[in-house]
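Here it is: the structure, laid out below.
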Amino acid sequence: MSIRVGIVGISGFGGGEALRLIAGHPSFDLVYAAGESSAGSRLVDRFPGVPQSLAGLEIERWDPEALPDLDLLFASLPTGASAEALARVPESVKIVDIGGDHRDAEGWTYGLADVWPEQIRGESRIANPGCFPVATLTALAPLLAGGLIAPSNIVVDAKTGISGAGRGGDSRFGYAESNENLQPYGLLEHVHMPEMARTIARLGGAPAEGLVFTPHLVPMTRGLLVTIYARGSASTEQCLEAARRYYAERPFVRVTERPPQTKWASGSNLAFVSYAADPERNLVIAMGVVDNLGKGAAGHAVQNANLICGLPETAGLEGAPVWP
Amino acid sequence: MSIRVGIVGISGFGGGEALRLIAGHPSFDLVYAAGESSAGSRLVDRFPGVPQSLAGLEIERWDPEALPDLDLLFASLPTGASAEALARVPESVKIVDIGGDHRDAEGWTYGLADVWPEQIRGESRIANPGCFPVATLTALAPLLAGGLIAPSNIVVDAKTGISGAGRGGDSRFGYAESNENLQPYGLLEHVHMPEMARTIARLGGAPAEGLVFTPHLVPMTRGLLVTIYARGSASTEQCLEAARRYYAERPFVRVTERPPQTKWASGSNLAFVSYAADPERNLVIAMGVVDNLGKGAAGHAVQNANLICGLPETAGLEGAPVWP
Amino acid sequence: MSIRVGIVGISGFGGGEALRLIAGHPSFDLVYAAGESSAGSRLVDRFPGVPQSLAGLEIERWDPEALPDLDLLFASLPTGASAEALARVPESVKIVDIGGDHRDAEGWTYGLADVWPEQIRGESRIANPGCFPVATLTALAPLLAGGLIAPSNIVVDAKTGISGAGRGGDSRFGYAESNENLQPYGLLEHVHMPEMARTIARLGGAPAEGLVFTPHLVPMTRGLLVTIYARGSASTEQCLEAARRYYAERPFVRVTERPPQTKWASGSNLAFVSYAADPERNLVIAMGVVDNLGKGAAGHAVQNANLICGLPETAGLEGAPVWP
Amino acid sequence: MSIRVGIVGISGFGGGEALRLIAGHPSFDLVYAAGESSAGSRLVDRFPGVPQSLAGLEIERWDPEALPDLDLLFASLPTGASAEALARVPESVKIVDIGGDHRDAEGWTYGLADVWPEQIRGESRIANPGCFPVATLTALAPLLAGGLIAPSNIVVDAKTGISGAGRGGDSRFGYAESNENLQPYGLLEHVHMPEMARTIARLGGAPAEGLVFTPHLVPMTRGLLVTIYARGSASTEQCLEAARRYYAERPFVRVTERPPQTKWASGSNLAFVSYAADPERNLVIAMGVVDNLGKGAAGHAVQNANLICGLPETAGLEGAPVWP
């Protein structure tokens, strides 16, 4: 079965990773690519190593009303740029929105695929979770679902590679200024907070009061780690065991005894979670690692697409991480 | 068809990349892994993201006389460590030696797969080319074969990522000392020189007199670029056209007009070649880019294995490069 | 006035930075250098850019009973290696121990120079604080001293460049494995905890109960950031103002409104502190940035040496940070 | 003696390094800073670690006809932006132009300070050499002056850190795209060629025919290495000895037997040169290392300023390189 697929936002990092995954997908056939800065060039001009079967595909200027015959569209547009445009895509086209505009939108399903796969199957409009929320929620879900931690007063200290800041010209993200530099930003005000709080509350059955989220830019291209401090009296082993049970049948989440490192997930759709707890202090530390462009963006999007297209969930996502 | 495969040298970078590629190969079934520093542990202990079907495979201490039933063995051992040991592997086991001990050895075929695939098919003992030679020879082959440059007085200025120095504990390759550092080494004496000279002579029909080779360590994990200065009166376009013809039917070599960048090949088995010539100065600059662990080691080894196993040459090697 | 200075542990990163600072110090005259791995070579063999006046100084094997006539010794030895040996150094030689063996030792003064300079002047045995504690304590001191936060239940999420792991051969700290990797380690058990807890209690006037400390290795050579979550009802402006007053006369601590970045301190002895508070949530986030080899090690040691030698505190430490 | 100094182009990397060096200079007093993107802010807003005595200096919009009373101006403007403007600076103000507009201009002296210091003293308009030429010419000068190599058919394979591409917004120089990437560029057409050819001819007494120059961008912030292939029959030892003699009285050039690494010069005004020759092949390999922002830009500019101001040549430039 061949599914006719399009990508809009091909010039960005999320779009580029979607291209790589779609090119290697057994059921997806890329027939449409659109992008702002690269419109008019061929895929091979932008991606010199793209498979030769796709090399000549011309990148078009994005127009939701002039799409070719498509079954599925991946949208990887800057936040704010997709809400109006995606509304004009024909209903018959399934959409996975990697961007941030539909995570709390009417008519869209929040695609936290490792946690709620059954709620995604059968839908046709999926909002991919943000990269920080997906690492946080994947680590917390087993603890919240099992009542091992309280949903309130959670502190999320998050660290992401610089591709998470998106492509574009700000010299703050230039090599010379970002290299050998570690930068906290957006304290007490990050855009991902509501998504995180909403979902923690949904998982934990009570409001995520007092949630704290502090992102940091780390001098690496890919990779995302959250170190989460929560209150609960479970032991390390109880947390690990809860996670092992919770994810027993899920193909992409690995529960490890060692603290996970970002490189473990690089280039893959895997998420790693681990825990260290001190019941005497009523403390649980949860850790989550993803590739911000994989499970944090394009990999997760392909997983969601597999679910809504009735394909095996792991189709096109079986590649092991790149090491070293 | 399932081919029973083993890897020896799994702890190193070449062995790790072989594992990743074999895990994703449609016809290879990994049944044996051996390594010095990791013997006794399971694959998942070393490679936390390895596919779950391989996670429990125990890493054994390498003993060429105590192999399980194997069809194919990838050897990724330090130079000097494989000659004697591989001689004790049963004849029925095909071998691709990623290490450097058999590149000029009796009974072994030099596996420069993009150039001489027909000489590899049907063989059972393949010596994989070194990472520097493969980039150099892939760039030069069309020019030498077409008589566009002389085989003498070629200058190869080579730059490799630090994984090319191998895994191991030398603090010179430690992060703090290698980062933000660019290091030339092995001037006028590099171990890859004879392999390069021998093959240039074979391709060019005359001795590679006056060959100069200068390697440099670049602060990046993967990637290899050679910038080659040769004498010849061809134009840039003539060089490009010669390469396009030479590699027209070859799946892994891309001829580009732009100077290639190492990231174009990252994680893939691709080689990129390009040329800039100035006939007035009798000068041809040839450039070659590979991932030193891909086409420069494990990717090339899988390509050679495909050839000697009668499989499609691209089996398991179709993954597009990782970007960014 | 010329002060005769020695360094033991010259081969390591802390020792190397001490050498750089001492070479540029107006009153210090380096007359002795000792190191394990480099004994027998000259300084210029190890440090090709060392000033020519020091180039020929021979590195000796460390013997505390065979020192030349010295006024001051900087010791930068691995933890555990200095306690016994430094006891054998003549009393007349002032010592600043950059290593970790004397931070709670009888007869030694804990040299948190930006906080307690007066307690350091006049002493002759100074234990330099650890790199993580110094960033943490410098950020917290004004809040603890002013009663703006409680000393209990503080969470310190710390991130350091890889030079913090010391020089040496572990392949975990090799370039290829550390680059593009972010690694949490030592959860709930880090060696710096007692030093931190002890000093927080001293500053805050009550035990540092429930202190949590999580270090992470960041792929950069130098730089250290702590992001600290504490309980208190002060506003951001109150915290900033408390710190401005606390450090008004101190030359090396900068209080900034923007969250500090590690590159701001690179190569210098500066510490940057900033705060973001949410009184409604009873939350104070404190941040501290240092160069782990500067204020976190050798720079701080020179500052302590200036204090005990009766020199201007900033002597030899006025260099602005290196940017970019 | 206090010399009143200004910097124009303070926002860029060269301007920032000039600021750092001037701030630590014993005779320079910074009284004027101008910059395009930072006009209106104070120095401390741009450079959080700037010495407190300079923190409040306001960055002005550059206007050559509205300068304060200055003795000396450092200009670090993009190529093309300084020719017209600097002509309007009063004659009484000495100028060192770090930019590229005056290297072959009437009324300006080419400031290759380590080679021709005597020609610089007493002048008042100095054109700082480009970063690639300075490394190349410093390595070649002793060989050309001594007739050990021919000035023709020289091949310069050059590698620079990414700060060499300047500050600014091109996403090609963004972290995510530059990291783990090695990029050749400007083949057979680089802007530095005429400067290099002109000076090689001047040093060698004959035209630099057939000069080849290939720059590469290396994923590091600072550092520059040239690997030069020339024709000559001298031995390695003869080349080293020629360089030792040539630079015997020069404070900033170090002749080493080992191939120099870029980190050796980091943050300093040093240049390292070394040689490897094979008389049988009529081959001389010359290597030169500088910090592209130090000797390749701002350090060299301060050295030139010292010379034209009658100061000790090393004033403010004695800082040892930063390691690691």
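Note that the chains are named A, B, C and D in the order they appear, and that numbering of residues resets to 1 at the start of each chain.
Assume a contact is a pair of C-beta atoms (placed from the backbone, for glycine too) under 8 Å apart; a residue touches a chain by one contact, two chains touch by 3 or more.
What you are looking at is a predicted structure, and each value in this text was computed from that prediction instead of being measured.
*Asks:* If you average the Cα atoms per chain, which one ends up farthest from chain B?
*Replies:* C
*Asks:* Pick out the pair in B-D, C-D or A-B whose interface repeats that of A-C, meaning over half of the contact pairs match by residue number.
*Replies:* Answer for the repeat of A-C: B-D.
*Asks:* Hey, which pair has more contacts between C-betas, B-D or B-C?
*Replies:* B-D
*Asks:* With centres defined as the mean C-alpha position, give me the chain A-chain B separation in Å.
*Replies:* Between these chains, centre-to-centre, one finds 33 Å.
*Asks:* Between chain B and chain C, what distance separates the C-alpha centroids? Give it in angstrom.
*Replies:* 45
*Asks:* Roughly how far is chain B from chain D, going centre to centre by Cα mean, in whole Å?
*Replies:* The computed centroid separation for chain B versus chain D comes out at 38 Å.
*Asks:* If a residue has to touch 2 or more other chains to count, which residues of chain D qualify?
*Replies:* In chain D, the residues touching two or more other chains are 13, 161, 163, 176-177, 179-180, 219-222, 260, 324.
*Asks:* Residue numbers of chain B touching chain C in their complex, please.
*Replies:* Going through chain B, the ones touching chain C are 13, 161-163, 167-171, 173-180, 219-221.
*Asks:* Can you name the residues of chain D that touch chain B in the complex?
*Replies:* Touching chain B from chain D are residues 155, 157, 159, 161, 176-177, 179-185, 187-188, 210, 212, 214, 216, 218-223, 225, 227, 229, 259-263, 266, 276, 278, 281, 283, 285, 287, 324.
*Asks:* Which residues, counting only chain C, touch chain D once they are in their complex?
*Replies:* 13, 16-17, 19-20, 23-24, 47-52, 163, 179-180, 221-222, 251, 254, 256, 258, 260, 264-265, 267-268, 270, 272, 318-324
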